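Look for chain A in each of the two complexes below; its partner is chain B in the first and chain C in the second.
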Partner chain A sequence: MLRRLPVLLLSALTLAANSGADEHLFAGARHFREGRFAEALVEFRVADKLNAGGEAAWYSAASLVRLNRPEDAIVAFTEAERRAPAMRDELFDYYRAVACHEARLYLCADRLLAGIGDRAGPRIRDEALQLRRRIEPVLRGEPAKTAIDWYYQRAQQSSARPLLAAAYLAEGRALAERRADRYRASEASAR
Partner chain B sequence: MWNVRLCMAMGVVWLAAPAPAAADGDARQAVHDALAAQLPSVLTETRLPDANEPDRGRGEQGGHKDKDKDKDRDRDHKDRDHDHKDSDRDHEGRDHDHGGRDHDHGEVERGDVGDHGEIGEHGSGAKPVEEEHGGGGGQQHGGGGSHHGGDQEDRH
Partner chain C sequence: MILVLLAVAAGGVCDLPEPAPTPDAASARAYLEVGDAELAADSAATALVAYREAVRLDPANQRARSAYLSACVGHHRDALLADGWRLMDAGDCRGAIDAFRQLPGDPAAALYEAICRYQEGDDDEARPLLRTALAAPAYADRARYFLGLIELRDRSGNDAAELFGEVAAAGGPLAERAEVLRSAALRSGRAVVGVSLEPGYDSNVNFTPDNLPGSDDFGVGGELWLSLRPLGLSGPYLRANAYYRRMRQATDNDLGFATAQAGYRLGRGETYAFGDYAYEATTLGGSPLLYAHRLRAGARWQIRRFAFSLVYALRIGTYQTADTSAFSGNAHFLTPEVSYRLPLGSSVALGYSVSRDQTTFVDTSSWEHGPRAAVRWAFRPTLRSGIEGGLFFRSYDAGIQQAPGARFDAIRSLSAYLEQDIDRVTVGLAAGVRNSVSNQAAHTYTRVTATLGATYTLSLF
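After this line comes the complex of A and B, so read on.
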């Protein structure tokens, strides 16, 4: 019996931590709903620290989108997906697509928006459709070489943040593939 | 003796989490509802960038000079005017104001856990965002972001 005591106490502590995380999730939800995104971000990050499940990482990423920090959001979403892939849904995909758009990762945004279907509900679906319509003309035709150069430059400038650099590099490579001459496409693959 | 200890341990478990599964689901739903209620929209023009226009790039988040952004900034100023009248609006405006500027970024990130005083000591950054959340009320009141009303502090 005595041997089981530490296990029970550990369970109690774990459950207490989860309960504490919930408090911060509720507080974060309240802040978020009322437009206090910086405060919501703090709450979600505390919840994330208290509960290693990773779900709060998605909420933090969404907060970064609302704080107009698209590059931070892109990194945060990538990490959230790595930690808690099952949490991904259409709502997060929409937030992530907006982050991609704001970082000029239009192919990334379009790919995410394309996956948002009826399951997301009419409002998110309509917003996604609108944003796709906005992006579509930009992706029509061959991208300019100077556009591809820009993405490679951004990748280089973001080298201290590998996830972000990878996002820019992937975008540049995907755009390069859209050109008949595949301008710098092989260069991206070589990196 | 063992039975007494076991009962005590079980009591701790029960007190710590009366209905953990339900609470967890509720919290998740509350956040999802909040996120759905505050869907973001794009703030910048949709245009492929050009390496020959260095300032067109986002640079360090939000450090661009898009016309759209300038408009946003104008809007921010209006928001800020609003802010003085209403501290809740103040926060909305300020979020826009952040515009992803770098000096704002670290404010939330640095010592964010400590800010709450939940599981760490108070962050010593004493930046406005941290101050609002800081467990250390003294800093909240003392630091007092220049345009922040007291009711945010009261809430904490």
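After this line comes the complex of A and C, so read on.
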């Protein structure tokens, strides 16, 4: 997105919009740039409906992060990756990491942030570093059993949204693996 | 909901957007689907954006129009309600009413507008709003509670008691408070009669000085009273009562009095003014003791939990016995008081009273002043107690020939009670001690009383 969003914005300002999905994609990019994230989300979603390519799904997910809907964003990113894996880049990973962080999926966030390098640009790279530093103390030491319980419970509570439930379950399992006694690790594998 | 929808739409809050230059039904359908998905995700604000665009691109699409109006009303309803609540919290009831009135027919808005109206004393405006709120189960208890308050303020005690009874039976967060008010409502009305019986003990019936043998006795007191408020709490009122206490041995101290009172109260709320006149006849030992005219005027201001009251009273009394006739005259009383209201009707009050008893003679004319404090505490909605203490200083203008120094009394009093309401009956246990220390030994005494009584109150209408 670091590469694509400015291109989109520039296109929206300088080029005549194409019909159909592109028009909505450009409109969404314009709203996004101007901070109207609800409008941006709607336009990206409409673009996505009109063009099944999956590109707009990534932008929708980023908009959800800006709308402070991290769980919706996690689901949207997972869907976007399934539908258009080639579109994934470091800026989307950064947004996805923010969503994971806001949903307390710290291992998920840390894993994504670890992959963000210079290609994301200096500002995003620095923000990613700062966020990773904030996560570091949370992940230090052996995870508490209560923390693992919480992730399994959230997974259960999110059963109506399988992708979200899977994210919580994966986090819980990964934390369980970090304990010497592998508390409830096998339980997660069995699900 | 339909009413709200139409009202808000008609009011310009949710005007339909200007149609796009070129209709695009296909895109409109996509926006509609996005709106539906956002609504399902509890994101009404985003849904509204999508629906608005759907209507703009396809104004003829009925589904898009109704979805847009519905989302818009829901979105603005929440905003208007939140705005009203904020203004209520800030004490701006007028502003809150303006916000709530933009949602006519909405039960929540009706409830909160009614609460504001009630606080402002507009009971007639509040009633129909509360009936609207009653229709929604989520607000029914609160609506009943405030309807009960209005009926109580209107002195329709039986109606109020029924409403509070329903709220109490529902067991919600207002149940306890409603039980308190039900108890009060059972004892109030536009026409109320009451009767009480009160056996008790008096350690010093005739105020025997401390250094002489006491004159303790048991007795039974009974009272009958009638109260009329034909126009409700605000308006004229009439009250009559008769009391008689018969002593077992010291029958020359049998005390009786009868009072008839007429007055007017202005204000139905906690802030009001009043004035009244009463005629009172007192007997002692079966013989007339005092005939008195009583005039009172007073006002009370309630500011949040604090209340300030000031009452002036004048008693024009004529004593009927040879021993007491010299005390005939005019007595003026001024009583300021500050009180603080606590939950369940509990309260703390501090006051200071000043009085001047002006008779024909200097040795019977006196000043009296002193502080008093009272605490009323409700343990449960129907069980309460209270304690009251005072210290008064009474100084006469001059002495008498046998005791030339002017008489000066310091009087301490302390009393307490415990009361339990059982439907229309109140059972009460009370005790009190009064100690007077005077520079004249004949007026230094201590008196302890204790009573166990029951009162039955019936609201006629």
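Methods note: the second predicted complex is superposed on the first by the 172 of 191 C-alpha atoms of A that agree within 3 Å, B and C clash if a C-alpha of one lies under 4 Å from a C-alpha of the other, contacts with A are read in each partner's own complex, and residues count from 1 in each chain.
Heads up, the rule we're going with is that a residue touches a chain if its C-beta (ideal position, glycine included) is under 8 Å from a C-beta of that chain, and two chains touch if they have at least 3 such contacts.
Quantities reported herein were computed from a predicted structural model and do not represent experimental measurements.
Visitor: After the superposition on A, what does A:L50 contact: first (chain B), second (chain C), both or neither?
Guide: both
Visitor: Have a look at where A:A144 lands relative to chain B and chain C in the superposition and call it first, second, both or neither.
Guide: Only chain B is touched by A:A144; chain C is not.
Visitor: Name the contact category of A:L41: first (chain B only), second (chain C only), both, or neither.
Guide: So A:L41 meets both chain B and chain C here.
Visitor: Using the touch definition from the top, say if A:S186 reaches chain B (first), chain C (second), both or neither.
Guide: In the superposition, A:S186 touches no partner, neither chain B nor chain C.
Visitor: Does chain B (first) or chain C (second) touch A:Q156, or do both, or does neither?
Guide: neither
Visitor: Just to be sure I read the superposition right, which of the two partners does A:R69 touch: chain B = first, chain C = second, or both, or neither?
Guide: Touch status of A:R69: both partners.
Visitor: Figure out whether A:Y94 sits in contact with chain B (first) or chain C (second), or with both, or with neither.
Guide: In the superposition, A:Y94 contacts chain B only.
Visitor: Given the superposition on chain A, which partner contacts more residues in chain A: chain B or chain C?
Guide: Touching more residues of chain A than the other partner does is B.
Visitor: Let me check the overlay on chain A: which residues of chain A are in contact with chain B and also with chain C?
Guide: Shared contact residues on chain A: 24, 38-39, 41-42, 45-46, 49-50, 67, 69, 72.
Visitor: Applying the document's contact rule, which stretches of chain A touch chain C when the two form their complex?
Guide: 24, 38-39, 41-42, 45-46, 49-50, 67, 69, 72
Visitor: How about chain A: which of its residues touch chain B in the complex?
Guide: Against chain B, chain A makes touches at 1-2, 4-5, 8-9, 11-13, 15-16, 18-22, 24-26, 28-30, 32-42, 44-46, 49-50, 55, 59, 62, 65-72, 91, 94-95, 98, 101-104, 106, 121, 123-124, 127, 131, 134-135, 137-138, 143-144, 146-147, 149-151, 153-154, 175.
Visitor: Where on chain B does chain A make contact in their complex?
Guide: 2-3, 5-6, 9-10, 12-13, 16-17, 20, 23-24, 26-28, 30-44, 46-52, 57-58, 61-62, 88, 91-92, 94-96, 98-100, 105, 107-108, 112-113, 115-116, 118-119, 129, 132-133
Visitor: If we count contacts the way the header does, which residues on chain C are in touch with chain A in the complex?
Guide: 26-27, 30-31, 33-35, 37-38, 41, 43, 45-46, 49-50, 53
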